[in-house]
Amino acid sequence: MREYLENVRNTVPLVHNITNYVTVNDVANVLLACGGSPIMSDEAEDVEDITSVCGGLNINIGTLHKTSIEGMFRAGRKANELGHPVLLDPVGAGASALRTNTALGLMKELNLSVIRGNISEIKTLALGSGTTKGVDADVADAVTEGNLDEAVAFVKKFAEETGTIIAVTGAIDLVSDGKTCYVIRNGRPEMGKITGTGCQLSGMMTAYVTANPEHPLEAAAAAVCVMGLAGEIGWSRMQEGDGNSTYRNRIIDAIYNMTGEELEKGAKYEIR
Amino acid sequence: MREYLENVRNTVPLVHNITNYVTVNDVANVLLACGGSPIMSDEAEDVEDITSVCGGLNINIGTLHKTSIEGMFRAGRKANELGHPVLLDPVGAGASALRTNTALGLMKELNLSVIRGNISEIKTLALGSGTTKGVDADVADAVTEGNLDEAVAFVKKFAEETGTIIAVTGAIDLVSDGKTCYVIRNGRPEMGKITGTGCQLSGMMTAYVTANPEHPLEAAAAAVCVMGLAGEIGWSRMQEGDGNSTYRNRIIDAIYNMTGEELEKGAKYEIR
Amino acid sequence: MREYLENVRNTVPLVHNITNYVTVNDVANVLLACGGSPIMSDEAEDVEDITSVCGGLNINIGTLHKTSIEGMFRAGRKANELGHPVLLDPVGAGASALRTNTALGLMKELNLSVIRGNISEIKTLALGSGTTKGVDADVADAVTEGNLDEAVAFVKKFAEETGTIIAVTGAIDLVSDGKTCYVIRNGRPEMGKITGTGCQLSGMMTAYVTANPEHPLEAAAAAVCVMGLAGEIGWSRMQEGDGNSTYRNRIIDAIYNMTGEELEKGAKYEIR
């Protein structure tokens, strides 16, 4: 895992983010913490220029606006044209028609490198895009040790059918390119009490995939390990009276300080 | 007060927030800290679906956009249809015609459960909506021990005339449904040096009212006590060199850690 | 320097910010920390009312939207009419045509008091506005001890030609009104690992210029010293395991606690 982290720190990938206004500041600070560099722009007339000076594109559909949707398509097409990796974070797919349809539209029109979401968002996309129908859609709403085989099979199949790396994050994280599946057990449940740890991971994952063009699967899995491990390190530094706001800071701090060696030691994953 | 807090932690109310982009991240983290769960969406075509999966709606008019105004009305009508509580935070009412008129329009068209603002915003609405005219509008620009009787009478009357719980926050906080008025003395003046403690309270109050449908007045008052008490606890943890940024974190942390018992002990209120 | 800081604390200037959604929360908290007061509004129909109740206007073109651009022009014209200082932060000028052209358009149409950016943004504006052509545009992409004379000459000339105070921030900061140039050596390189320290400075600088109408150059330079010194103080309080997120909090805390005396002692500048 170490080299994927070090490649980010050594190449400082510039990531264009079209992302929600709720967690955008944390996404920017996480990108800086991990060794990348963030730019944010969602205006349709601005995004092509901005994405052209970047190395990767992170599209997050939280707090969608009609105008930002146009920006997502334009930026995505430009990034595809330039061969930049494009990550989609389908925040809230399944919760509204606009979000589901926008995510499906982006999947259809763009060549995505990675889709990262929770199991319910990913299932929504799998069903809506007509892939992995039938039994696969019965995968449970949380990935647990009990349903792990089924979940791994679902994620692998969806990745294979879409030709996209699929990253499902939760108590157990799964990252697959259709052939191999990383099963990752880093992280803490208390991370769910901080808004936007998923959005932060998507930003960081885009930097990792951008900085490791030959190894996008491994890089995406490494980003998941970094986030989870940072959650563990951050938690170990919590003091009496600290809560979710301080925990947020400590996680970002842990990303900032993480070395390749620490990641190598702390990453808890198996490959299936 | 204890049961209102515990009902939030036990039922994890999902709150739809249409709120300004300045303080939105803190609103989300406060909602998580108090035991609720946040979703943000202001796009007119997205809000009806989103509010339908939630339990309550928090409308905050800071950083209004023409497009988000339409979202506020559509979300509010849907929430009313579904019987969800709707809270209005009229940020900056009185400072611009757009804000004043939007707040008044929302009051007129929607069935609001609660309006929470500072005394000057609430006075603006009282005058503009043609309620509590005359002597009431003379209530001072800050609620103090000296003008408390007058202020309580104003808030009660405005609540009665609008059929809405009115929460006026400041050095002394008043929460009334027209019959009863909670006079709350928790909090610290330094909270005014953090952006958005009012917005945070509005988000949390929506969770409290949603989780306590039979007791909206008591729940709204409990949320005010939680915020003020968290301000006191957070302040007690401040160290040499800490300032408003750390104080912000400590307040959210205190909300995260607060128990029903602590609230019961720390809440400073009288009922008039 | 002391009096410029104290004038902010004593007069509590209200600053209207039209700024990007990435760093807006930090801008608001920095304005409160330094003794000012923030309002944010970018909707074209809202900005004239809002800027009228303020003392100064801070225009930041990060995350531009077509609609917010109209807001910038309308707010700027109103602020000019009222004699309020207007600061422009040309975030990303040079990175996209929309940003470059918007910044140039604002320079052309508005009477700006200050432009604050990094050297590359300022060079873009100098070239694009047809000022300081030729040799000046050859100024390097970072101000260093090695190219300081050249950089000072460039900034002075651009300030003189535009009749605007130019503040170029980086490892060495330059602030000039065309005649005098402050060369400031406060700050830490790690500040670049926090998103938005430039945006924060622009907000604070607007408060400083607003509170010191007779001394805008000195006030702008004082704001630069405060930010850099806060970066030094914040860094001195960092503990094992702290990273960029905690550093962000500590810098804002240091601004909150800074006294005129501390500034007087800690400011490192020379006048050329």
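Per-chain numbering from 1; labels A, B and C assigned in written order.
The definition used in the following text is that contacts are C-beta pairs under 8 Å (C-beta built on N, C-alpha and C of every residue); 3 or more make two chains touch, one makes a residue touch a chain.
Keep in mind that this is a model prediction, so the values were computed, not measured.
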Contact graph of the chains (line, ring, star, complete, other): complete
Residue numbers at the chain A-chain C contact, same meaning over half shared and different meaning under half, come out as different
Whole-Å distance, C-alpha centre of chain A to that of chain C, is 34
Each of the following residues of chain C touches two or more other chains, namely 21, 25, 248-249
Chain B contacts chain A in the complex at 21, 24-25, 28-29, 32-33, 38-43, 45-46, 49-50, 53, 67, 233, 237, 248-257
Listed in rising order, the residues of chain B that touch chain C in the complex are 20-23, 25-26, 62-66, 92, 95-99, 193-196, 241-246, 248-249
